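Presented sequentially are two complexes of subunit A, the first with subunit B as partner and the second with subunit C.
Up next, the complex of A and B:
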């Protein structure tokens, strides 16, 4: 058989683009993370693992991991759960389904940076709608709740500037913004569940909605769930715009909202410390990679049935 | 004893009416087939009986109790779906366990891991039941497989197993064989019939394949346009159809229909050949005469009362050969069944002569209704002709 070079022409373009726009930047970032390079400097010194040592020892970065993981592990389960719930509800209504879809999907379409300004107003301690609404509840039965009574007495929390509340408030906005996207994915997944399976479940004696959900809906949504969870993880690891909009001066009260993306931005762009920025990027990539692979290994095998 | 009775069932989707007043009594233990072309409402009727669809009006009664307002889960019927509808994430054993678990176990016993510990004895009984059923269906070696790893026939058995594992009042089957290949379908036909004899439970079987209906059922109901045209034993439906549409639907190849007429004395003529029997209850006028292919045969040229025409097509089925003969200047076509020995010598374009077996022609009036013929004047006819 005559050997030709045709195969290179087939895979060549894709390979070239992958190397240039994907592998090379990652390799460069990896290489930079072992140096103290700054933009504009003629050269850089090799510093070994210094940058990584800083990341895993300094308290700033400890706070960075704390904020990132808090955010991720609150936003992912809640936005996936709410997305599924909303999808099931919309799927079960005959009327206004499209209207609800649009409403819940609006936050996804809206630019988060613009929405952040609206939320900043809403959470404003004196003129914000959130705290003024809460104050109206004072004197009612709600005061039996200890936290609420305390709020009435000494004022409700400064949601965005109290270090005990800031990350949760940002996480709340992340959920609000993200669950519509998950809902749309779940709605698509629900349309592919064969109706006959529900009929079979009904004939088999699944009388309650919960039985049918357990027996048919949840297992059949398995592949969708894997995808939704993976996407949600990556998206919430990448949270940046809310933090930048609320705390342009660096990471919120006591750096409690100092998420990884913001840290990369602050170090590499604002402070021109390319080396440490690259090192955080590599750690970030490693996390996302690890989570994605773990998902595949643990779950993928069990959700594709054929 | 009547196991299931449907009375005055009507169903319409919006302005489209699908079922128009179906009355049907199903005896305990019988194998009843609902057969008809697609879109005739047979599946809808079955789903109304199952409770998956609500009738617009009419009553469904099981064992003498009206079940219109009862959930499908409570009607104690088992259904086999066309697509089998096995749960793809569960193994065959788990699929078969599902109806037992949902019915027999308390809520705690159904918990994923703790369940088998809490309700241990019941679990063991359930597994036993599943194994017994699997043995009957010869799928006990497949119990640990997922439906995706099974062939069509095996999936079919697993779906049957899931229906059989508890003791339902009746089995409802919605075209269960239509996804199988031809030889397996024929094999499963006899197996289903045997299964019915062994279980002695009521089977209600929906199909568009008249061969399945004829081979398996105790009684069959031919449905068209949302009505039951005729209900009876397969024999009766085939040999004595009361309607033109029934005669056309049942039997493969289709019955030959020739234009004919009835004169004032009630003598029916097919083309220009008189029939030996007369009708007593029909007005004079044009009629349609039905002749099944097996009641026609080749004959010599000089036999009286024969049709002659050219062979335009020859279907060889091995045991039988069907000749398509164009008669009356190619305006009509007759399908004739001949034996392979006879058929071998016949070639395309050849002129053949066809005679009919006496007393087998069916006469249908203009409205499609069957006209009864009597033999009483049989001898006179020759002279009239």
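Up next, the complex of A and C:
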């Protein structure tokens, strides 16, 4: 017999926590975004859409969106592409596949803050391993590359402190950290591609490896790709650890690495401007919700062919 | 069909190229990738062995020469120069523990991650059981709510949660580090999906035996859910051991509450030239537990971390 009231004891705590920890904060963020609230003030004034107006007109926030989108639109395609590439290569080699898989997955496991500090070291202009390795290549054929020759002559970039390179360097670390995760998802996706399809494609005249990839593998990986792309987007919108580690104040050279999460942290936590922080949070939430809903819609539209 | 192609096809993969160099080429690309991926790990480990001079001049190979060097801080304390000669690797690792309360940070990390996981299970398991095996009014609505909450990224609730915690005076406490993570809608969803596959007969039999609903959860459902729970444990522990964003927000200043990532960050904040070695030692110590566990149980870890792929 089913006891009648037991379920409320089971569902109750979860329900309570969901409301208090997830739903209430969303509502609060929404409400605060229309005010100029600061912690410690007794009340707050209603300021209408002022905060949002600031976000979409002021140059600081223009930089914020610039940095965020630059980061996102570099990290997502490259970490997905490299994840897929690594998965295909590993899947097609006869040996050491597991070893490569283990190596590529290591960055996913390591605390990003620790690895960020190590990368900062590696990118150090004078004692860093990156530039000292590059210098070793001077005088070789690499100098035919204009950029390289310039580096040999006038010194290689300062990477993290040069505003032309900073955001790309941070994005590189993001790719380094994330592509192994995508690789593992793609490897799982690959195992579910039925072998007969390759035979069938071959019978139908798919001669080259590229043909087989285009006609069988890629379409069959559709659902995996939709998921991998969405989760990469969400993860890169949330980038914070590296930025805060490199630029605890101000968001990098000329604010070129002033990504959204850091902006929220700076405005709300460091400067106690909760209203504007809440407004950025709402914009961020809108992005993520849109992406997730787009993913669900795509999945329901059957990107899978089985 | 060439032998290469056959082997590749039978492994359920893309057929390989037909020329013999293809396999070599693949390995060259994969090895190049591995070098870049491993580079920071190499730097971290290597620098944690070296003396300041070796780090500055980039000499000494991977392990450093391990020649004794003079610890200037020790000289400042007024000790004899002879007593102040130290081996780099020992100096780096002992300084890591002495300069900052690293043990305390590690302890905090364990307390926080373990508490989070235990509470998550305590909350999620009964809820998942009710959602999958009990029929009651409002069940669909609650499950709908769970699905909706899955959409909410944790980064979006950080700021209002911080305000709420500050209002009740809970910032700079263990509670602040743990509370936001006590509810894992993902855990509820995952466990519900898993429980759906458990046959009803099993539960009916347990009820016949006079077991209460409560003990059914812990004595019948829990044991069947161990594999899923283990994967979830890995997912949860990795995420919270490595988390930096949330601790950074709610813990300010009070070192005794620092989690390992915060401790390392502070170390970096006041590092000067001589402390690169100890800093890298700290980083190694913080990263090592998860990496070692991962190397031992790779399959389980990959399963756990990519759990979110099942959404």
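General remarks:
In the analysis below, the second predicted complex is superposed on the first by the 273 of 306 C-alpha atoms of A that agree within 3 Å, B and C clash if a C-alpha of one lies under 4 Å from a C-alpha of the other, contacts with A are read in each partner's own complex, and residues count from 1 in each chain.
By definition in this document, contacts are C-beta pairs under 8 Å (C-beta built on N, C-alpha and C of every residue); 3 or more make two chains touch, one makes a residue touch a chain.
These numbers come from a predicted model, not from an experiment.
Residue contacts after overlaying the shared chain place A:88 against subunit C, while subunit B stays out of touching range.
Set against each other, subunit B and subunit C differ in how many residues of subunit A they touch, and the higher count belongs to C. Of the two partner chains placed by the overlay, only subunit C lies in contact with A:18; subunit B stays clear of it. Within the superposed three-chain model, A:240 lies in touch with subunit C and out of touch with subunit B [touch as defined at top].
Of the two partner chains placed by superposition, only subunit B is touched by A:207; subunit C is not. Looking at the shared chain after the overlay, A:148 reaches neither subunit B nor subunit C. According to the touch criterion, the shared surface of subunit A, contacted by subunit B in one complex and subunit C in the other, consists of residues 199, 202.
Interface residues of subunit A facing subunit B in the complex, by the touch rule stated above, are 194, 196-197, 199-207, 211, 215-216, 219-220, 222, 303, 305-306. Across the interface of their complex, subunit A is touched by residues 47, 50-52, 71-74, 77-79, 81-83, 85-90, 98-99, 102-103, 146-148, 162 of subunit B. Chain contact summary for the complex, subunit C toward subunit A: residues 7-17, 23, 26-27, 29-30, 33-34, 36-41, 43-44, 47, 55-56, 58, 122-124, 126-127, 129-131, 134-136, 139, 142, 145-146, 149, 151-153, 155-164, 166, 179-180, 182-183, 185, 188, 207, 212-214, 217, 238, 241-242, 244-245, 248-249, 260-261, 264-265, 268-269, 276, 279-280, 283, 286-287, 290-291, 294-295, 298, 301-302, 305-306, 308-309, 311. Subunit A meets subunit C in the complex at residues 1-3, 6-7, 9-11, 13-15, 17-18, 21-26, 28-29, 32, 39, 82, 86, 88-94, 96, 98, 100-115, 117-119, 121-122, 127, 129, 132, 176, 180-181, 184-185, 188, 190-191, 193, 195, 198-199, 202, 209, 212-213, 217, 227, 231, 234, 238, 240-241, 244-245, 248, 261, 264-265, 268-269, 274, 277-278, 281, 284-285, 288-289, 292-293.
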